[in-house]
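Next come two complexes, and both contain chain A; in the first it sits with chain B, in the second with chain C.
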Partner chain A sequence: MKNKIEERIKNVMSAVFEIAVDKFDEDSSPDNIESWGSLNHMKLIVSLEEEFNVQFTDDDITELINMKLIIAVLLEKLPVYRS
Partner chain B sequence: MYNPYMVGKQIYLRHPTEEDVQGRWHEWFSDEEITKFLYEKFWPNTIEAQLEFYKSFIDSRDRLGLSIVAKSNDKHIGVTSLMDINWVHRFATIGMVIGEREYRKGPVAAEAFGLMLRVAFLRLNLLNVKNGYCSSNINSEALNRLFKFKRVGQYENWCSIDGQFENLIIEVLDRESWLKRNMQND
Partner chain C sequence: MKYSKILKLNKELEHTIQSDQYNINILSNIIVHQLKELLEFNLRDKDINALVGIGDYDNIVQDSIKFKESNAIIIFWELCNIIDGLQYKIELLNRDRFNEILKKTKNEIDFVLRNLQKTSLVLINKFTAHSFSSLNIRKNKLEELADQLNQYIKKKIPANVRVVELEKVIANIGLEKSLDLRYFYSSKALYTVDFFKAYAEYIKPLLISANGKAKKALIFDCDNTLWKGILGEDGFDNIEMSSRTKDGAIFAEIQAMALALNKQGVLIGLCSKNNPEDVDEVIKSHSDMQLSSEHIAINKINWSDKVNNLKEIAEELNIGLDSLVFIDDSSFEVNLIKEQQPEITVLQVPKELHEYPKMLRENIGLFYNFSFTAEDRKKTEMYNQQAKREVVKREFIDIGDYLASLELKMIILKNDQSIIPRISQLSQKTNQFNLTTKRYTEGDIDNFINDPSSTVYGFSVSDKFGDSGVTGLSIVTVNQTTETAEIDSFLMSCRVIGRNVEYAFLDYIIQQIKEKKITVLNAKYNKTQKNELVKEFYDKCSFILTKSTDSVRHYKLDINNYEPNRLKYIEIVDEK
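This part shows the complex of A and B:
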């Protein structure tokens, strides 16, 4: 399940940051992805909302600062994966 | 943190100080990139002009201007405002500038904007926040989309950007929608 989500997240990140999918891992963040600027951060959040049909809160928006956290927050939001 | 008014994860908002004026604040409003989409600031800014502006708005009852400060080092990195606050009809216009370039990455701008919306809806109890932007201003467009502003209209050929007139897009976020989105886990 987690792997499937991770794959979809990587595809979204690849499209937003214009970087190959295989360049992303759980530690990918604004510190090591040069194109992760303010504008692309906003685009990333909106693209993730569209991809997973969820809505992030203002707190979530500031929480999603690396791929590991994105996976964790999405797992919380997606009812299928929430135990 | 000094005198925090609204605290986030990486930044906080506080009342501006004369020390802020003595820093790089005035330089941001001479910067071509920053002032490109602003209605004012056509002239080069100066520390004296910044001090005059600061003095004019600290006593204002219809404008709340706050400094955006990095929590990690207490550095003044930008400013955000609620302007033209109408206390009867309970609306205002929001604005924000991240002046220090190294902070224009990741969620800093979004966090500052989100904190100011929290100020508007929870501390000032406003009902609507308006944000207008020139149609080629992709940063403002993305910010409004992120926070779910709704387009309510436009002024045609309102802004002169690089010699071309563009439409001014007007968008509004209402308190109820903001609360619904942010209280979804409560």
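This part shows the complex of A and C:
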């Protein structure tokens, strides 16, 4: 399940940051993805919300600054993947 | 379609589309960056090679000069950010202050529209206070301001300008789904992606029409498309298209819509597998038939292939296949045409019949054509006369006047311990207007302040409507023995871009250095992915480029040769 989520996140990131899907891994963050600035972060957040049909809180938004954290927060929000 | 999918497809289209570029620039006083790709995609999908640019934050006036050569301009003037925090400040304003804001905005609208008078298409949003009014019965002052500004725009709109009914967009998707306040307080972004999708959809017909791509003809199949029933089987007396029956009412509405489109210049035609005599008889003598032979420009009633019939229709009407819209109830026919002639826009009568008028209504934009009417011409004339009359009392003629009207004041804070956290934050966060992009912690800033060979300058900018807070920073190091100084950092928040304060700031700093008997000032531009904006800042300020590599540009200034900018409209206040 986790792999599937990761796949979908990578696809979203690839679309937002305009970088090939295979360039992303668990450690992807604004430090190593140059186009990950504040405006694109906003785009990323709304794209993920649409993709997974979830709503992030203010705190989530400031915390979601690498792939690992995004996966963790999404796993928490998606009841089907819990267990 | 999902936003990320649109981003992806848009990128792909960018590389495949061939036609001439169509430049649209969006001028805005809030963050509307999501609109860029949505709008590009909507137009590229229709074979228009759109490139959408977003102006600097809160630089509508300045950008109206910068971007007047665009093919189209969209002005996204958000009421609540006319001055920062207007949505709550306005309730406490007295009448004079309220009128002052009203007048300032009217003057800015005038100035902006005048700067853009040669731009062929300008879209300006109607002001709305909905976002901050809830369901309160008492009209708030924000609504009053919106009303007054809208009346003003309505009165003096020139012919190249179209007013975008923002409230229509909001009403269509709902206020709740339109606003995302999470980014409003931190980043001045107010609207959701859903809103921008609807907005792009709404303005699309204007831009399609401006590109000469409006559809010209609407071609109907007959049975179950123009009337209920099958003429060849049910017979002349049993087909339904009058409001007397439940299903007939739907087709009566469709025919009336076709008639209305015809009055606006859209060609109407028929293309149906039927006996031609039978259909002729309906057109000629069925009392419920609203479309008559005078409205129907062409018909191809026969038993042969519809794709060929539609090709003949286009030929005979002397229009391209891509100017045709065809409606049919049969999925077989619809899919066949889509496959064989994808240029033709094909609509299918929905399975749920009551959705049919709504479907057609949603597609009426395809035919939108905003060629000038006689009335438009009259309005242009009126506007020109009015503009002439107003020459004398015009508030400002050029950008200098405009900036002077703001009563700008720059407060310089030198080595000020109390703003260390803000200074450090500025160095960490500023990307665009940042010459060296050096990131400093609070400790680093403290060290610069305590070191006698370096000075930390901060500034805040205020105008007659408010204060920006600390929004600019420069760190300068001095070497007294060699009589040289170096600009270590020079940056400014994008909130104050476009007011020329950077030039006043540099004047001030150079004056300070001069007083220290320094003769040479060195400076650098470190290229990053985001600071293209200031690449030539030092060139503009008479520095000499001494060395240039891919990533760094080195500059030198002989202090005694410096020509200060001496901007009269910025008052400099030295706090320390």
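Please note the rule applied: the second predicted complex is superposed on the first by the 83 of 83 C-alpha atoms of A that agree within 3 Å, B and C clash if a C-alpha of one lies under 4 Å from a C-alpha of the other, contacts with A are read in each partner's own complex, and residues count from 1 in each chain.
Just so we're on the same page, a residue touches a chain if its C-beta (ideal position, glycine included) is under 8 Å from a C-beta of that chain, and two chains touch if they have at least 3 such contacts.
If you're wondering where the values come from, they're calculated on a predicted model, not measured in any experiment.
Visitor: Can A:Leu39 be said to touch chain B (first), chain C (second), both, or neither?
Guide: Both partners, chain B and chain C.
Visitor: Please work out whether A:Pro30 is in contact with chain B alone, chain C alone, both, or neither, and reply first, second, both or neither.
Guide: First partner only.
Visitor: A:Leu64 contacts which: chain B (first), chain C (second), both, neither?
Guide: first
Visitor: Touch check for A:Glu51: first (chain B), second (chain C), both, or neither?
Guide: second
Visitor: Pick one for A:Val16: touches chain B only (first), chain C only (second), both, or neither.
Guide: After superposition on chain A, A:Val16 lies in contact with chain C alone.
Visitor: Between chain B and chain C, which residues of chain A are contacted by each of them?
Guide: Shared contact residues on chain A (touching chain B in one complex, chain C in the other): 37-39, 42-43, 46, 58, 61.
Visitor: With touch defined as at the start, can you tell me which chain A residues reach chain B in the complex?
Guide: My answer: residues 29-30, 36-39, 41-43, 45-46, 55, 57-59, 61-65.
Visitor: Which positions of chain A touch chain C when the two form their complex?
Guide: 11-12, 14-16, 18, 34-35, 37-39, 42-43, 46-47, 50-51, 58, 61
Visitor: Taking the touch rule as given, give the residues of chain C at its contact with chain A in the complex, in rising order.
Guide: Contacts found on chain C: 2-5, 7-8, 11, 31, 33-34, 180, 182-183, 187, 189, 192-193, 429, 431, 529-530.
Visitor: Which residues of chain B touch chain A once you look at their complex with the stated criterion?
Guide: 8-10, 98, 104-111, 114, 117-118, 138-139, 142-143, 145-147, 181-182, 184-185
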